[in-house]
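Consider the two complexes below, in which chain A is the common component and chain B and chain C are the respective partners.
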Partner chain A sequence: MPAVSRHALPAAIPLGLTAAWEVIARALGYDSFPPPDRVLPAFWELLSTGALWTNTAHTLAIVLAAWVVSGVTGITVGLAIGLVRPAWRMSQTSIEFLRFIPPVALIPVVIIIYGFSNTTELVVAAYAAVWPVILNTGSGVAQVDRRLLEVGRLLRLGPLDVVRKLVLPSALPAIAVGLRLSLAISLIVVVTTEMVGVPDGLGFQLVSSSQALHQDRVYAYVVWIGNLGLLLAVLALWAERLVMPWRRPVRAEL
Partner chain B sequence: MTYATANGRREVLRELSFEVGEGEFVCVAGPSGCGKTTLLRCLSGLLRPSGGEVWCRDRRVTEPPPDMALVFQDYSRALAPWRTVAKNVQLGLEGRLRRGERSARTERALAMVGLTGHERDYPSHLSGGMQQRVQIARAIAYEPAVLLMDEPFASLDALTRFKLEDTLLDVWAKLRQTIVLVTHDLDEAIYLGDRVIVLSAPPTRIVADVAIDLPRPRDQLVTKADPRFTLLRQQLFERILEVERAREADDASG
Partner chain C sequence: MKLARRIGVRAVEYLAVPAAIVTLWQLASMAQLINPVFFPAPLEVWGSLRQLAGPGPMRDGLRITVESMLVGWVVAGAMGVVAGTLIGRSGLIARATGPALEFLRATPPSIVVPVLILFLGTGQRMELAVIVFAAVWPVLLNTVHGVRTTDSVLLEAAASLRLSRRAMISKIVLPSAVPSILVGLRISLAISLIAAVVAEILGSSGGLGTFIVFARSRFQSPDIYASLVVLGVIGYLSNGLLRLAERQVLRRASAIGALGAEL
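Here is the complex of A and B:
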């Protein structure tokens, strides 16, 4: 595919949607639904006062921390339940119960324990983000090819080497999917927690702007958060390719 | 050897007893479903027989012994896709040999199977025949006294199969391991082996055990055109048909 269309194609839909937004918002003329050309100045204003950067730094730092915590916990637990059949069966009911508790429902409870703090944001987000890592790691580990495990037995690898050299790498694609989901959930839940509980970061700014009837700022924040998510997703995909070079297709030399 | 299946116990191997001399190349041939693979899994220590014993150099085999290697038919499942060719070959050597000796052995093994220059390729970027060469190189690098091979060339096209058969004969001429190779192909068995053991359909017994006195080095064209080759093939086929007819007669009368 030529380079131009490779970059132009993914950009086509966002550009089209923005244009449609402009047209519809102008036609409607509601104060509560500003068109992009009113949102953009609001965005520049937020940018120039530096408010956007400090809030973004706050939110992103907690998103990444929650992602790391849920990643490490999720891989460890997933590995355990994937390797030990009885552990899987024992924990299945609890996992299915716990992962369907809406994270928002936890916010008041965690606030009582940790107050309006970064820790509260971190705990709620990490709780929400851990489940896809656990489940994907667990099934990835359980689905290791039996032939490969036999190869390990024949080459007399110790149990630690079997896990390190055969089980974990073959579960890596599944773990990567879990980690990507977990990153998206972290962002969503941190922002939500800031909106309804902890008065800090992008989520809180979004709500305050709304309460101050600054609809242009609300939209600026929403679009900004969406773009942060996009950036994180792109970085995650790029990291995935870096970590798993064997999944890259061979490029024909022309 | 009896398996417990959903429909009760199924006897796969019955009264199978044979010895293989040091450095001998034995081919075990039989119809599909006759338990050739089961036999090899018992020999390798991957499977504990329900009756009978396997001995290897004065030691009873209950686990895969350190001086034995096994080459599987399904090379794509037996290789680790995230390891390069060289790393796949080294899998059994890591932590046992120093780096220098490890790479020297890897280099030698890859040269023997004709894969020099492919050290850094990933298996998925190689053809089926080359992937099988990697598996053979891994077995050679392990420097086993006994090499077991489970239909190693069955899923390759005819030309690739002939080339790999000759590669194997070259390797064996240099290293003189004891080889037990299982195949459904009588021609292949006669072409490769010092001795061919023919199995019946289950419950499996040995129906023929003949020495192959064809001269070495063997050649795909010359050896297979040798009247002695044709005669051996005819005799073995007749023996198989004879056993089948006897069994059918038995079934009809009993």
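Here is the complex of A and C:
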């Protein structure tokens, strides 16, 4: 395939969809379905008043905080259950039960405890985002080559050094997959928490625009948050390749 | 005798930690160490579970949630397998749809709820749309993966047998992608449950999510926790069932794989 169409085609579909949106929305003329040329001014307005930036900063700050919390917790727990077989078996039931409780369903409980605060957002998001890190770290650590551990014993490395120098590096690809999933989940859950209860950030702006019947703003926020998600996903993938150029594909544990 | 002992050991291993947590929780709330509004005692939650198990809002909610989860999952699964097969087989389609799909996949499903409400109202149709939007990705991606990793020896054999395109896909490509598709379906089912609750909380479309919202407005913490327990059990059971199915199919698939190697 010639080089031009190789790049033109992927670009053509989003452009075509946007054009179709414009044509259909104009033809229908529904208030609930504004065409892009009405959404774009709304977007510029949000940009120029700075509202978009402050809310994006708020949401992203909590997303990153929740990601760090769930990453540290998840790697620690994952290491423990990956290294100690009985711990794995004994925690199985609790993990399998807890990770299937939909995080949104927790929002009402956490609001009762922490009120309409950043802590609520952080707690719910970290709860949701910790499972992929635990599972992927656990299975990555459990799959570390036993011979490697024997080498550690031969070299008389202390247990801490074994973990730091042998176990963690060889489990790194699996851990990275878990961290990447957990970043995506953090964004989803923070935005959802803002939509459901905590009046702050992008999620709340989206809901209140919807309640104020500012449909153009609703679409502007939806597209903006979607792009934010895409940006985080691309950055995470890029970081993963940067840290591990030798990376081999790992199957995600979910 | 030996088997019975092994089963006994396993049961202790699997149940010891949850039993310990629940017991400690109960003792702590009896000693009034934790706030009963934040963390109602397990026995209290159990009481409200038993009370709610009879005909009433919780049971209606449970029915709506499970029904939506299953219907949405089936639709998402079918769409994911079809789209995944197309994308996996055709490099052209893969390149053309790539960026658009990456964007949609990165969009948090909850934010499409306000938009979908505009089009579909707050009923079950909106809920199903949210579920499909959220749950289609794991099936789609795993189907693509499965289709792309079809054994090339099998494909060459099919080509030399002059199988038609359709026969090639239905007899070779899809069967060998089944293990991968099943993984996608299992993850999708868990996401279907989450998306159902998201739609029910944001759109009050009925179901357990809406039940939780009402329970919260009356500060009925035991009722909320009872719903959380029910949701956890649904997720645990559905995941376990699909994992069993996966194992069964994998066992058979490895037999087919051996056959394929002989070809």
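Note that the second predicted complex is superposed on the first by the 224 of 254 C-alpha atoms of A that agree within 3 Å, B and C clash if a C-alpha of one lies under 4 Å from a C-alpha of the other, contacts with A are read in each partner's own complex, and residues count from 1 in each chain.
The rule is short, and it goes like this: contacts are C-beta pairs under 8 Å (C-beta built on N, C-alpha and C of every residue); 3 or more make two chains touch, one makes a residue touch a chain.
Only a predicted model underlies this, so the values are computations on that prediction, with no experimental measurement involved.
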item	value
Contacts of A:D145 with chain B and chain C, given as first, second, both or neither	first
Per-residue contact with chain A, leading partner among chain C and chain B	C
Contacts of A:L154 with chain B and chain C, given as first, second, both or neither	first
First, second, both or neither for A:A212, with chain B first and chain C second	neither
Partner chain(s) touched by A:M244 [first = chain B, second = chain C, both, neither]	first
Chain B versus chain C as contact partner of A:P169, first or second or both or neither	first
Touching both chain C and chain B, counted on chain A across the two superposed complexes	none
Chain C contact footprint on chain A (complex, rising order)	1, 6, 9-14, 17, 32-33, 86, 89-94, 96-109, 111-113, 184, 187-188, 191-192, 195-196, 203, 206-207, 210, 215, 218-219, 221-222, 225-227, 229-230, 232-233, 254
Contacting residues of chain C [partner chain A, same complex]	10, 13-18, 21, 37-38, 92, 95-100, 102-104, 106-115, 117-119, 138, 187, 190, 193-194, 197-198, 201-202, 208-209, 212-213, 215-216, 219, 221, 224-225, 227-228, 231-236, 239-240
In the complex with chain B, residue positions of chain A that touch it	145, 147-148, 150-151, 153-157, 161, 165-166, 169-170, 172, 244-246, 250
Chain B - residues contacting chain A, complex	44, 46, 63-64, 66, 68-70, 72, 74, 77-78, 80-83, 91-92, 94-95, 122, 124-125, 142
